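Would you mind keeping the following structure in view while I ask a few things?
Just so it is clear, A, B and C label the chains in written order, and each chain counts residues from 1 on its own.
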Amino acid sequence: MTGGIYALLGLGISLVFGVMRVINVAHGEMLTLGAYAAIFFGKTIFSGSIGAIISAIIITSFAGIIIASMLFRPITREGSINEQQGLVLTLGISMFIANAVLAIFGPDYHSVPGKITSGTIYIGELVLEGQRLLILIASLIITALLMFFLRFSVNGMAIKAVAENPDAAMASGINISRIHLLTFIIGSVLAGIAGALIAPVTYAFPAMGFDFTLYAFIVVVIGGLGNLWGALVAAYLYGIAESLSVLWMPSGYNALIGPMLMLLILIFRPHGLMGRSIERT
Amino acid sequence: MKDNEKLLLRIMIWIFFAILFLFFPFFAPNKFIVHVAIVGLSFAVLAASWDLLFGYAGQISFGHAGFYGVGAYTSALLAHHIGVSPWIGLFLGSFAAAILGALIGIPSLRIRGIYLALTTLAFAEVIRIIATNWHSVTRGTLGLSAKPYPGIEFHTTNYYYLMLTLSVISVGIMFWIANYSKVGLIFRAIKADEIRCQSLGIDILRYKLIAFAISGFFAGLAGAFSAHYLRLINPGDLAPHITIFAVAMAVIGGTSTIIGPALAAIIIHGLMEYLKVLGAVYSLMAVGAVLILFVIFLPSGIAGHMPRKWIGLPETK
Amino acid sequence: MESNENILNVEGLIAGYAGSDILRGIRLEVTENSISGIIGPNGAGKSTLLKVILGFLKPRAGRILFSGEDVSSDAPHQKIAKGIAYVGQSRSHFPSLTVKQNLRIGAYLEKNSSIRRKREKFVFDRFPILFEKKGQVAGLLSGGQVRMLEIGRMLMTDPKLIILDEPSIGLSPVLVDIFYEQVTELRKGGSTLLIVEQNVRKLFSVADKIFAIENGKNRFQGSPSELTESGFLSHLYLGSSIVPKNNGLS
């Protein structure tokens, strides 16, 4: 299950990085927004959690639009964003959102009353909880939709084009700013959906964003920054590894796996397991 | 004559600040504000150390919390388990952080930019997780208590002057290294064009390691002092938010100036404590918003927009 | 000279970066269905000029008229939409996509799929090799084939004005000849070309009009033969002390 969540996050960060060359430290905050949206709109306006997911999508795409058009655009020159400025900018955004959520909703942990599905399925030795299964399935479906979109739709091709060669993309008439906007929205929405999905399973608290951002980074680095399939594979592998690790490692220390793996990859094979990511020409 | 007038003005401003800092405890309305100033000063050293590494040597560190925390923990652990005097602990902690810095600096030869930032982040996280879980040694999340410095009465005013001395010396040393020493010159050359430097025969690795070590040293110093002043440290001191704070201070204060981040740290920390009266959360939101605004509109920070002579920086090139 | 006849008019262009001006009042006139060239020593401002024309850099003063329309402040994708196409020095293709996909992206702005197919056929007719390799990933093509692909991609935008930036760089002499054959073919087909070149000899063999630029200013305009006769070339490139007999300023 966690693999699925990591996949959604990892894809988002990889996509944004590939196209905009920005590591979005605030990515986890999109997840936070999604989770909170799910909780609060799920409680009040929409009954049932499909509505919760939709509200998460709405809120995060809104946030994505604002950030991409008002904050990233001013620092974009000739279609590229200054790496360092972008990094620090997302840092600021992360601080702002995390604390804004804190301000509005308070520091308490929130949980969602009632899950989409309760009940468990038993397959031999494995116990599959309904909600977790749903998360896995949902993330697989969404991932498939995304890949489909990128491969077969015009805008999807445009996104891949900009990621690979922004100058040639511009020369083909592609509006780079618009593609940046679209990409960022997609990334944010992916994270938001992840947040909405995970809300019923764990508690939501304002600082949750950063932990997930870190996981997303780990996954993306392992799979190769900018390489979507790599992020996907790495996400599921890591999710499995993480869950299994509690079996033979004192819990607490198993949190070490992620950062250590990330370090190893960064030092010895910076382009990740899947080989060269989409190199910018 | 205009020039002489300007010079006079600059000197007067420097004197003003000097008096302000020196006699601060007597101006201050209450002890809490002095306390805030002390913490602010330690953050000033931290921010300055980050700027040394980034603004001068061009290496992004997202793991500065690791240096800070290692300095703090080393000093506290030595005091706690072996009974080493905090005075010595101050230096040992700093050295430990410096060694860590050199270690982290080793991969920096091949890793640049964003990848380096992530690498340092990973390092810091690893240290944090170890600190959280090694209960036998660090008492985990309960934290360690650390004795205050012996020989000085634990009085806010005393500690203020202690920290003031430490920070002025630290920032001063870093400033001198960055702007007036040969090492600093090489740092800036590396930042500008690494490949050129290599072709000129400069041993890049050595200087990068030096940069990391110095930066780590002073960050550790800040940490070690805080440990014994606040008398408590826990793994939270190794958390990314410390790094984020350092980065924010440096960007707002003005990278590549050393003094900018230091002053910004003091001012902003003070402002944040003040705003906490209104509501803790809004202060951090404000910092985030300010950071965003600065990145977009004022990328070289406050100090970056002031005439270089005012802050004692030598003319560029 | 009426502006309406010309497909491109650049007047009094001043542009530069961060405080300094690289272009100091450039003018160009490009007539329809012609090949015009821009030459000049390094640092003269040729690439800056192209950047401004294409919309990557905003001019500080002056105008750019495309078929009479003022496009001075248009963004690059707007200019592409209006019919200005461009093949640059750096790789302007997508190595990880197939040849067919590369061409498809070239036609990004064209919504009508039958028009797209027509253009694609046009490109494949002109470059049979591309048709052969249409399913192949572009990263595997040879240097000359990549150049063809880049031209093909550019043609998919159905351009009225084609701007080429130092096209013979990195090509062997044989390929350069083939390339310029294509250029001539394009002109025969009705296109207009504006070429920035260091390979002056080759450019002179096809161009109708040459603009020589030095230090951000026009130094000479004229046909290649006028330019050669005036002895201006040696002054321009070798800094010789021979002052040209006439400037040929029309």
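One rule holds for everything that comes next: contacts are C-beta pairs under 8 Å (C-beta built on N, C-alpha and C of every residue); 3 or more make two chains touch, one makes a residue touch a chain.
Source: prediction; values computed, not measured.
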| item | value |
| --- | --- |
| Contact graph of the chains (line, ring, star, complete, other) | line |
| Centroid comparison with subunit B (C-alpha atoms), farthest chain | C |
| Approximate Å spacing (C-alpha centroids) for the pair subunit B, subunit C | 52 |
| Centre-to-centre distance between subunit B and subunit A (centres being mean Cα positions), rounded to whole Å | 32 |
| Centroid distance [mean C-alpha coordinates] between subunit C and subunit A, Å | 42 |
| Complex contact set, residues of subunit B against subunit A | 60, 107, 110-111, 113-115, 117-119, 121-123, 125-126, 129-130, 132-133, 240, 244, 247-248, 251, 279, 281-282, 284-285, 287-292, 294-297, 299 |
| Residues of subunit A defined as touching subunit B within the complex | 23, 71, 74-75, 83-85, 87-89, 91-100, 102-103, 210, 214, 217-218, 221, 225, 250, 252-253, 255-256, 258-260, 262-263, 266-267, 270 |
| Interfacial residue positions of subunit A with respect to subunit C in the complex | 78, 154, 157-158, 160-161, 164-165, 167-176, 278, 281 |
| Residue ranges of subunit C touching subunit A (in the complex, touch as defined) | 56, 75-77, 80-81, 85-88, 90-97, 101, 104-109, 153-154, 156-157 |
